[in-house]
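Below are two complexes that have chain A in common, paired first with chain B and then with chain C.
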Partner chain A sequence: MIEIRGVSFSYGKTGVFRDFSLSIPEGQVCLVTGINGVGKSTLLRLMAGVLRPDKGKIRYDPKLGADPRRKIGFVSDALSLYESLTIAEAIGFHKSVYGLSSFDDSLVQHTKIGCRQKVRELSIGQRTIFHLNLILSLEPAVLLVDEIIHSIDAYLRKVFLEQIVQLLSKRRLTVVMVNVNFHDIEHLIERVILLKSGEIAVDENIEDLKSKVKKIVARNRPDSLNVLSQIDYSEHSEFFVYPFDNRLRGTIEGDIFDLNLTEIVSAFIGGEYA
Partner chain B sequence: MLRKEIRDALKRFVESMVVLAVIPFMYIGDKLVIKVGLDYASLIDTGFFLTLVIFSIYAGATIFQPERKDRAFEYLFSLPLTRRKIILAKILPRFGLLLILGLAATIVVGRSLLADAGITILVLFFSSLFLSIGVFSTAINIFGVILMYLIFFQGGRTFVYLLSRLGGSFAGHFGPLVSQLVSAAVLLVPFGMAFWLTFKKMDARPLKLQMRTYYFITLPVLFVIVSLITLSFRSSQAWLLSR
Partner chain C sequence: MGKLEEPRQIRIDAKSAVPAYEQIKRAIKLAILSGRWENGKQLMTLREMALKLMVNPNTIIKVYGQLENEGFIYSRPGAGYYVKLDPAKFSKGSPELFREVTEDYISKALQLGYSAEQILREVAALTNIGIPSARRKDHGNDRD
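Entry: the complex of A and B
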């Protein structure tokens, strides 16, 4: 469990969060999304303990021990590692810090990374896979993954996601992902949090969210509903509405469509840019 | 962590050894070409002293270089390591190598360079170490260390002078040593405190956003010390010359 209570955070004079609270129960797979610069990566960094809140507290499940970072696997968009170390040295360093007796390099084996290669010589994709392998070797209880997984190719992304699924089937792993493209992770996600101006704009279970966000194709704007965003065509318009109440189905003029997660998030984000 | 830091400190150590490696070539060059008549023993003496000075500054100034160069502060802070562990793992190997170099110099030169210039070496090491967090380039750090050393040097004299004005004195053999120690402590303790408090609270934010505590402590201290030295400079110099 991760409990964020009354957290305020800023980069100098630029405020990001003010009195922000969020609770993520153990074993939940959570997606944090929102427009660029809204604080998604900052939220992940705060949870990982690499940023310290100016105010407020972040509490972790006592089961994670005195230093929860031992059980938190964090891959940031900065892919921060000691670049001047070789792969072998970086693995050795990681093992010694976390007190690991062995290192499962199965993810790295799928790539063409050599032990004597320096971390700085890796491509972004290779580096992402290497970083993911480092954190998966910890057998983390909490996995925090920034949207950097987009930088890996389709094959490695599939391999990584398979590993996550395996981990999820083995134990109650809490996962928080920051993402804007979800076609291959949608089946994993249980909860969606949409950030807006440093606050939670939407916090829904994925099934509830899918039932509440609909696309209505009609000539006229449905005035009785809250339209997030719209796309106009010559003959008709597409209106993305939230929250949609199923009881209104018969009263709405136009066709009503279900949306997948990518479309739902696009509708919210599109509304913010409109 | 410690193993990585030992490797890193050894790298700096070997790089600093370049000065010693140059000495035989200087000697041979003098014998064959320049013919000034350089004395090998004094060359070795100077070489070891210079190596000690260079390593003490270099080791301190580059303590966060891997994190800065590799942008690895975020990774470092994500590791389950306390700030005390991190800082000890960084300082101990560098300090240990400094002592080893000092001992080696003592054996080779035949007199203790550490006894002669130990406080100077320590001031240089800790000045560069404590400045390393507050300045953003090694070049500025070295410039800062030179200024700190000048303040330390003149600070010791000013302190002895001010003490005499108050009716006290450091008499006897240990007088100069005590005044140097006091001067070093007055300068380094606040800088050390600023360094530790800043590092303890530091996170992955850009460094320049996290320096408030550091400058809040160090700048007034520098202002007071430099003001004291400046205001009493003439009279302390005259007093020292009259003795």
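Entry: the complex of A and C
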């Protein structure tokens, strides 16, 4: 469990969050999304304890112990500490810092990263996988995944996601992902949190979200519904509506279509750019 | 007997508002009721199935749990899940499932812009019950 309560945070004079609260229960897989610059990564860094809130509190499950940061894996592009080390040296260093007696490097092996390669020679994808391998050796209870997985190739992305599914099937793991591209994580996510101007604009479980966001193709704007965004064509328009209620079927003029997660998020975000 | 080489037939439609667990459950029920998955065959483990479909393992736990409650599969603790084709369940479970599948198909076809009559003719053509002129004629392009 991660409990963010009344948190305010700003970078100098630029405010990001004011009196922000959010609670994520143990074992949940959450997606945090929203337009660029809305504070998704900042939120993740606050949860990771990399940034400290100006005000308010972030509390963790007591099970995480006195130093919760150790049980929180933050997957980002943050291997700078190890740049000049080889993979073998970095693993040795990691083991001694955290007092590990063994290290399962199967992920590294799997992706053909050589032990004598220097960290700085790795591609972004390989770095991410290596970083994940280091994090997993600490058996995290919480995994925070920054947008970094966008910059890795399709194969490593698959390796990465499979690793997460493996972990989820072995034990309770809380996962918070920041993402704007969902085709391959769509069915891993249980809850979607959409940020807008430093606040939570949408917070729904995936099933509710899918039943509440629809595309209506019609000539006229459906005035009984809240339209998030629309695309106009010569003869008709596509209206993205939320919240939709199934009981309204039949009263709506036009055709009603279900949407996948990418389309749903685009509908929300499109509205913000309009 | 080896494990079922599933889930070739299981496809999750990400666009559908039918929850992923429901879609997987239907696909498995169909495989069992159609006889493709034989009685006593072992299903993939939770982890294997989650990996194969790239879904949250909690979803598979829910699917297997519900299938077990409905009597389509049973579990041997520590050994896995197996198909249970209970003839009594068969006749009880299938009309309801048949209705679900039919409704699902009809609503998708209607969304594509086909009329009820066209749907009926297509079904007739595909099942070879021989309604004249059902084949080809309305296939595809007349929906714009």
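One rule holds for everything that comes next: the second predicted complex is superposed on the first by the 269 of 274 C-alpha atoms of A that agree within 3 Å, B and C clash if a C-alpha of one lies under 4 Å from a C-alpha of the other, contacts with A are read in each partner's own complex, and residues count from 1 in each chain.
Just so we're on the same page, a contact is a pair of C-beta atoms (placed from the backbone, for glycine too) under 8 Å apart; a residue touches a chain by one contact, two chains touch by 3 or more.
If you're wondering where the values come from, they're calculated on a predicted model, not measured in any experiment.
Partners chain B and chain C, brought together by superposition on chain A, fit side by side with no clash.
When the two complexes are overlaid on their common chain A, residue A:Ser96 makes contact with chain B while staying clear of chain C.
Once chain A of one complex is fitted onto chain A of the other, the partner contacts of A:Tyr11 are limited to chain B, with no touch recorded for chain C.
Of the two partner chains, chain B is the only one touched by A:Glu83; chain C is not.
In the superposed pair of complexes, A:Arg52 makes contact with chain B only, with no contact to chain C. In the superposition on chain A, A:Arg249 makes contact with neither chain B nor chain C. Contacts of A:Lys63 after superposition: neither chain B nor chain C is touched. Using the contact criterion defined above for the overlaid structures, shared-chain residue A:Arg171 touches neither chain B nor chain C, since it reaches no partner.
Contacts of A:Leu188 after superposition: chain C is touched, whereas chain B is not reached. Remark: least CA distance from chain B to chain C after fitting both complexes onto chain A is 27 Å.
In the superposition on the C-alpha atoms of chain A, no part of chain A is touched by chain B in one complex and by chain C in the other. The touching residues of chain C, when paired with chain A in their complex, are 12, 14-17, 19-20, 46-47, 50-51, 53-59, 111. Partner chain C is touched in their complex by these residues of chain A: 27, 29, 161-162, 165-166, 168-170, 183-190, 206-207, 210-211, 255, 257-261, 263. Across the interface of their complex, chain B is touched by residues 11-12, 45, 48-52, 67, 69-70, 72, 74, 76, 78, 80-85, 89, 92-93, 96-98, 119-120 of chain A.
Taken in their complex, chain B has these residues touching chain A: 1, 3-4, 66, 69-75, 77-82, 201, 203-206, 209.
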